[in-house]
C-alpha cells in the first residue's frame, strides 16, 4: 500500500479544499457562460475531491491496518502559513497565527466521508434541483460549503478550525434560506425565518466556543491542536493529575460550540427548522457533515476536557439522544422524523465522547454520515416523486412506485436501527458497550444515565424509523385524493414516480456505504458481528494514535469488557428488533391503533408532539425578552441618554431651541416640550432686557454696586 | 518752533481728520446734498491721507507730545484699525442707497469726529484727554444712532444710548475724580508710580493703608469702560441701540467704538497697575482687579451668547454676539499680563475683520430683502454665493474655529488665561464658543440649508468684492498668522517704563 | 473745611443724580440727574485741586467737564425732543419698542 | 400743599439747620458759608428729585448749580465758579427749561414710594461706601493749603500757552462743534423726516406705561 | 527623506476644489470628472506610499515634513505617518474616491457638493498626517464645516437638526481638546506630538509649569487632560453615552456622506486616542483603563441592543457602528499588544464593512425612497445581485471569519482577555453578548428586507447598477482580502503598535 509522501501529498490535500472553492468562484461569476449552469463542473470537481480523499484515506487505512503511526502535520514537513503577520513577527510568536494541515487517521476518515457524501449530494442535486430558479447559486453555495467542511477537517489549529466552522454556519444559513428567495416555492416563508434561527442558535454556541478558545489561548498562548494537547497534559500533570478549574470552565465553553453546531439540547431547536432547506442540503449539512463537525470538535479537543466536562457531555448527549427520539416518534413530516433522528444520533456521538469512547463517537459519526445522508436523499427522492409532498400521512405504498428508493431507504433504515451487518450496528453497539463498561468501572451518575438512556433511545430509533418506512412505503398510496383537488392545475402526473438517474445513482452509492461502511463483513465473512476483528475504523483510529500517544486507552479488565460486550450486543439487538416489532404492530399490522395509545398518553403525547414546547419556551424566555430589551434600550436611548447627555450643562436647552427653530411647528414629538424650555431659559436674559432705559440704568447701578461690594468685602 | 511743528506732525492724522470732517460738512452744504458720492469720496480721501500719515510714523519710537498726547505703537495699532473700520463704514454708507436721503455731510462729519475722539482716547495717558476723546466719540455716536430722524427705532436707540452713556460717563468722571484725589495726578503713568512727586500719598500708600478707596474709584472708572465695550452689567443699551441705529452706524459702534473702548481700557489698567516700575502692592492689587474683570468676562460672554440664541433679528443677534465677544476680550484683559493684553489686541484685530464682514453682510442683505430677520435670509446663499460663503468664513471665525483669524485669537486668549491662573475662565470661554455655534450656524443654515430663494440680488460688485476680500483675509490670516501676532505683540508698549 | 466735607456733599449729589435718573418717569429728570452727577464730580476735582497743593489740573478738568456737560446737554436735549415728538411721551419707559 | 410736601419741606429745613449750624460750629464763618452752599447744593438736588412739577424741579437745580458755584468760590476757584454760573445756569439750565416747555407736562408720573425707596437705597449704598472709604482713605493732600487767590489768569495761560492744555482745548472745540452740528441736525426738522420710514415700517406709537 | 508626498496627498483635493469652484455651475460632467481625478490622485499616492515608500520594519514616524509655521507659538507644519496612521490615510483616500461616483445621482447644487467633499478630504487626511497638535486641531476643525453642510444641505428631511447636532457634539468635544492642548503647550513648551509623548514618557509632563500645578476644577493635571482629550475623541468614536448624534447624522446624511462618516470620521476618534491621548497621559490612561473598558463593552452591548430595536434600516446600521467601535475602545483599554493591534485593525475593517453597509442602504433608499425595515420584503427576488453584495457586507459586519472584521474582533477580545487586569475577562464575557445580538439584528433585517414575500410595490425595482457596484465592490473586496490576508495591514502597523504599547507600559507578547 502507498505511504504518505509529504512532497506530493500536502499539495494534494491542499487541492482538496481548493477545488470546491475554485468551483464556487467560477460558478458564481461565470454562471451565464457555462453550459448547464456549471453543475457538471462542480460535480466533476467533487468527484476529483472524492478520489483524492479516498486515495489519501487509503494510505491512512493501510497504515492503520499495519499498526503504524499515521500523524502528519504540514508545519513539520510541509508548509506553514503565517496568517496574521508575515514580517516582523515569527511564525511561532503567540501573537501570530500559523495555519497548517493536520492529517491524521481521524482527519483522513472524515475527509473521505465528506468527500464521498459531498460528491453524492452534488450528483443527487443535479436531479433534484432541476428547474430551480437559483440553480447555479445552489451549486455555488453547496460547493463553498464543501470547501469549508473540508478545510475544517484539515485544519491543525483551533482558530482556523473556527474560521471554517463559522463559514459553514454562513453556508448553512444561505442554503437553508435557499427557498426564501423563491416566492413561488411553498416553503418560502418558513425558510426565511428558519435560516435566521439556525444561524443565530448556532451563533450562541459559536460564541461559547470562542470564549473557550480565548481561555485556552490566554493560558497556553497557542491554539494549535498538538500544542494544546501537550500543554493540557503538562498542566494536568502539574496539578497532580487533576484538571484545574479553569480547564473545566474552558472545556464547558468549548462544548458549548458542540451543543450549538451538533444541535444538542437545548440548542437543538434550529435543526428541525433547518429542514426548510432543499433536501440535498439537509442530507449533507444537517445530517452528514456540518452537524457532525461539533462531534469532530469534541474529537479534536478531547484531551482538554476534564472529567467534569465529560460528565456534562455525557448527560447532555444521552439526554438529547433520548429526548429527540421521543419527539421523532410523533412527527409526521418525513424530513422532520429524520431531523429528530439526526439530533438523537448526534446525542449518541456526543455521549460516546463524554463516556471516553471518542473513537466510537467518531465511528458513529462516519457511519451515520453514510446512512443518514442516504436516508435524507431517499426522503428527497420520495418528496420529489410525490411532487413536494412531505407529510407521511399522504404517502404510503410507494414501494411499488419507487423501488430503488425503497431499497436504499430500507437498507439505511436497517443501518440506523442497528440491525447487524448494517453499518449503524457496529458503531452504535460500541457506544452502548462503552456506556455499560463505564458504568461498571466508574460508579457515576452520568454513566448510569447514559447506560439507561442510550438503549432506550436506540429502541425508539428503531421504532420511529420503521414507522416511517411503514407509513411511506407500505400500505396504500394516500396522496392521490389530496392531490386530486389541491393541485389540479399543476399539470403534473398525480402518481408518484421514480426519480431520474442522478438521484438513484447517488442513492445506491450511499446505500451501499450504509450497508458496508461499518464493517467489511463481506471481506471477513467469518466475523459479521466484528467480535474478533474490530471494524475498519477502529483498527485505523485508536485513542493513542488520535492524540499522538498523549491520551492512553482507559484500562478495562477483560472480564468487564466481555461482560459489557455481551450485554451491549444483546441489548442493542433486542431494542432494534423490539422497535421494529412495535412499529410493525402499530403501523403495518394495525394490531394496535396508534390513536388509542395517543389517548392513553394524553398530555404526555401532546407535550412530545409539540416538541416539549421548547420553541415556545425559548421564544418566551429568550427571544421576546431580548427584543423587549432592545426596544426598551431603544426607548432609553432616544429619550434618556440623549436627554442626559444633552442635559449635561446647557446643551439640552440650547438643543431645544435649535430644534424648535428647525421644527417650527413642533412637528416632531421629541422636541415638543421645547417651547416651554425656551421660555424658561430665555426669561433670564429677557427679564432684564425690558426695553426700558431706566430699568437698564437701575440694573447697571445695582450691578456696579454688587461689584464694588464684592471688591470691598472680599 | 521746529519742536512745535514736530509735535504737530505727530498728531497730523488727527488734524487731517478734523480738517476733513469740516471739509465734508461744508462740501455737502455747498452741493446741497446732491452729490453724496463725492462727499463720501472726499471722506475716504481724508481717511487715506490720515492712514498714510500714520504709516509714515509707524516705526517711530513712542513719544509724548503736547504734554498729554502719547504717540506709540499701541495707539498706532488701534488708530490704524480704526481708520480701516471707519473707511469700511463710510463705504457701507456709500453703498447703501437708503442712507442717502439723510444728510450725508453730517453723517461723514460725525463719523470723522468720532474717529478723532477715538484717536485721542487711545493715544493718551492723561485721564482728561481720555475723557475728552471718549466724550467726543460718545456724542458723535449718540447722534449717529439717531441719524434716521424720522424713524422711531433710530430715535429710541439714540435716546437710550445718550441716557445710558451720559450716566456711565458721569459715573466714570466721578471715579476719575476720586482717583485724582487719591493720587494727586491725572497721568496714569504717574499714578501707579511710587511717591516721587512730593505728594503725601500715592496709590501704593493708599493700597498699603486700605484698598477700599481704590476699589471704589476703579470700579467707577471701569463702569465707564464697561459701558463703552458693553460688558455686563453696563451692556443693556447694546442690543437696543445696535438694533435701532442705522446699520452702518451699528457697524461703527460694534467695531470701532468698542475696540477703542478696549484700547483705552487696556491703557488704563496697564498704565495703572502693570507698568514696569509700579510697586508690588499695586501689582498685586492689579491681579485682584483682574479677577473682577474675569468675573465680568465670564458673565458677559455667557449672557451674550445665551441671549443671542433667542434672537430672530440678525442685527440684534450680532449685537449680543458683540457682547459675547467683549467677554472674550475681557478674558485677555483679566489676565493682567502682557501676554493677555497682546492676545486681547490680537483678538480685537480679528474682531475688526470678522464683525466688519458680518455687518457688511447684514447691510448687503437688508438692501435685498428689506428685513433684518435671519429667516429672511432663507435660501439666499444660492442667490449670492460669494457673499454668503464669505459670511460663513466670518461665522466660523466668530465661533472660533480654525483656520480663521478668530480661532487663533481665541487660542492666544486661552493660553494667556491659563498662564494667569484663569483656567476656569478658559473653560467657560471654551464652552461658550460651543453655545455660540448655535446661533452662528443658524445664519449658515438659513443661507444654505433651504432651497434657493426667489428673491433676486442686485449686482453690487464693489460691495461683494469688499466682503469677499474680508472673508479671504479672515481665513488667510488664520493660516498665515505670524505677522498679525507679531504686530500685536510689538504694539504692546504701554507697559514699559517711559 | 477739610476735603472730606466737600466729598460728602459731592457724594450726596452723586447719589441724588442717580436717584433722579432712576425714579422719575420723565426723560428730563434723567438729563438733570446726569448734570448732577457731573457737578458732583466737579466738586471733587476742585476740592482735591485745592487740597493737594493748589495744582491747576483739577480745576482745568472741571472746566472741561462743564464744557462736556454743555455739549452733552445740547445733544441729549435734541435727541430727547426728537423722541418726545415721535412717541408723544416724555416717559422713557414708554419708549420700549426695542427690546427682547 | 399736600402732606408729603409738608413733611419734605420740614425735613429740608432741618437739613438746612443741620448743615449751616454744623458748618458754623465746626469752622466759623467759612463753615457757615460752606454749610449754606452745601445745603443749596444738596437741598436743590433733593427738591429736584422730589418735586412733582418738572418746572419746579428744573428751577430747584438752579440752587444746586449755584451752591456748587459757591463751593467753588470757597475752594478758591473763582474762574470756575463764574464759568459754572455762566454755563450751567445760563446755558444748560436754560436748555433744560426749553426742554420742559417743549414737552407735555406729566404731573402724575411721580410716585412717592418709588422716590423714597430710591433715595433710601441709593443713599444707603453711597453712605455705606462712604463710611468704608472714610475709615481708611489717604487722600493725596498737601500739608498746607495754598492761599486763596484768583486763578483765572493761570487758567487762561494754561489754555492758551503752548503748554499741555492746548490739545484738550482744541479738542473741546471739536467736541462743541460736533455737539452743535449733531444737535442742529437732529433738532432741525425737514418735512421728509417726519414721514415714517418706508423701509422700517414702524408700528403705531405706544405711549405711556401700562 | 525629503519628499512632500504627504502634503500632496493632503492638499491635492484642495486644488481640485479650487478647480471646481472655477467651473461654471452647470458643467456637471466636468465637475464630476475633476472630483474623480482629485480624489484618485491621493489614492494613487497613498498606495505608492503604502507599498513603496513606507518602511514597515522601521519604528517612528516616516516621510516627515517639518517647517516652521507660527513662530510665535512654535506651532509647526509637522507631518509624518507611522503604521497606525498609514492604513487610515489610505482608507481615507479610498473612501473619498468611492464617495465621488456614489454621489453621481445627487442633483442638487452639484458644484458646491463636490467642492465641499474635496474640502472634507483635506480635513480628514490632514488629521491623520499631522504630528503637530496645533495643526492636528486645525485640521480637526476644518473637517467639521464641510460635514455640516454636506449633511445639512443634501441630507434627509430632518437634516438641519442632524447637522447641527453633529456639529455641536463634535465642537463640544473639540473645545475640551483645545483647552487640553493649551495646557499641554504651556506645560511642555511644544506642540509636537512626538515631543509631548517623549516628555510624557520621561515623566516630565506633570503640569508643573501651569498655575496650581495644573489642577483644574479639583482634578489633577493628568486626570483632566486625559478626560478632556478622551471625551473629545470619544464623541467622535462614538462611545456610549456620547453617541446620540450618530444615528441622527447617519440617517439624515446622503449615502456617500454616511459612508465617509462611518468609514473614516469615526476612526478619527480612535486614531486620536492612539496618537494624542493615551501616550500623552499614560498614567491617567492606566488609572482609568478599566473605566474605558467598561465604556467599550457598554458600547458593544448597548449599541447592539439598540440596533436590534430599530425599524429604520439606516439607523440600525448607525447603531451597529456604535457597537463595532466599542471593540476598538475595549482593545485600547486592555493595554496588550494584541488588543491594540486588534483595535487598530478593527478601525480599518469597520471602515470598509460599515461603509459597505451604508452603500447597501443607499441603493435601496434611492429606489424605494424609504428605509422602513418592515416596508420591504422579498427584495432579493428582484435584485439578486444586490442581495449578494448585501450579504457579503452584512456578514462582514457580523464578523464572519474570512472577513476582516473577524480578525480584528478576535484580536481585540483575545487581547482584552489577556489584560493584566483580571476584571477585563468579565468584560470580554459580557461583550460576547454583542456578538450574538449583532448577528441577530443583521439577520433579522436581512429577513425582513430581502427574504420572504415580495412586496408588490417593489416588483419592478431595477437591480444594482454598474456605478453602484463600482462603489461597493472595492470595499467588499477589502473585507474579504483582509479577512484572508490580514498581514496586509498588520505587518505595516505592528511595529508602531508595539512601540505604542511598550511606551504605555502594556503587555507585549511574542
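Odds and ends about this structure:
We call the chains A, B, C, D and E, going by the order they appear; numbering starts again at 1 in every chain.
The rule is simple: a contact is a pair of C-beta atoms (placed from the backbone, for glycine too) under 8 Å apart; a residue touches a chain by one contact, two chains touch by 3 or more.
A quick note: this is a predicted structure, and the numbers were derived from the prediction, not measured.
Touching chain C and chain D together: A, B.
Contact counts per chain pair peak at C-D.
Comparing chain C-alpha centroids with the centroid of the full set of protein C-alpha atoms picks out E as the closest. Greatest Cα centroid separation from chain D: this falls to A. In whole angstrom, the spacing between the mean C-alpha positions of chain D and chain E is 70.
We define each chain's centre as the mean of its Cα atoms; on that basis chain A and chain E are separated by 36 Å.
Our note on geometry: chain B versus chain E, Cα centroid distance of 43 Å, whole angstroms. A straight line joining the Cα centres of chain A and chain B is 78 Å long.
Multi-chain contact residues of chain B (touching two or more other chains) are listed as 128, 132, 135, 139, 142-143, 146, 149-150, 152-153, 158-160, 163, 167, 171, 181, 184-185, 199, 212, 216, 239-240, 307, 310, 431, 438, 445. Annotation for chain D: residues touching 2 or more other chains are 122, 125, 129, 132, 139-142, 165, 168, 172, 175, 178-179, 182-183, 186, 202, 205. Shared interface positions of chain C, defined as residues touching 2 or more other chains, are 3, 7, 14, 17-18, 21-22, 25, 27, 30-31, 42, 47-48, 52-53, 60, 64, 68, 71-72, 75, 78-80, 82, 86-87, 92-93, 95-100.
By the definition of touch given earlier, these chain pairs are in contact: A-B, A-C, A-D, A-E, B-C, B-D, B-E, C-D. Interface residues of chain A, counted against chain E in their complex, comprise 82-90, 93-96, 134, 137, 159, 162-167, 170, 173-174, 177, 180-183, 188-189, 191-193, 195-196, 199-200, 203-204, 207, 210-211, 213-215, 217-218, 221, 626-627, 629-635, 637, 641-642, 644-646, 651, 654-655, 658-659, 662-663, 668. The touching residues of chain E, counted against chain A in their complex, run 56-57, 158, 160-161, 164-165, 168, 172, 240-244, 302, 305-310, 337-338, 341, 378, 380-381, 384, 387, 391, 395, 400-402, 406-407, 410-411, 413-414, 417-418, 425, 428-429, 432, 435-437, 439-441, 443-444, 446-447, 450-454, 486-487, 490-491, 494-495, 509-510. Only residues 127-128, 131-132, 135, 139, 142-143, 146, 149-150, 152-153, 155-160, 162-163, 166-167, 169-171, 173-174, 176-178, 180-181, 184-186, 199, 239-241, 243-244, 307, 310-311 of chain B touch chain C when the two sit together in their complex. Against chain D, the residues of chain A that register as touching in their complex are 701, 705, 708, 712.
For chain D in complex with chain B, the touching residues are 129, 132-133, 135-143, 162-168, 171-172, 174-175, 177-179, 181-183, 185-186, 189, 192-197, 199-200, 202, 205.
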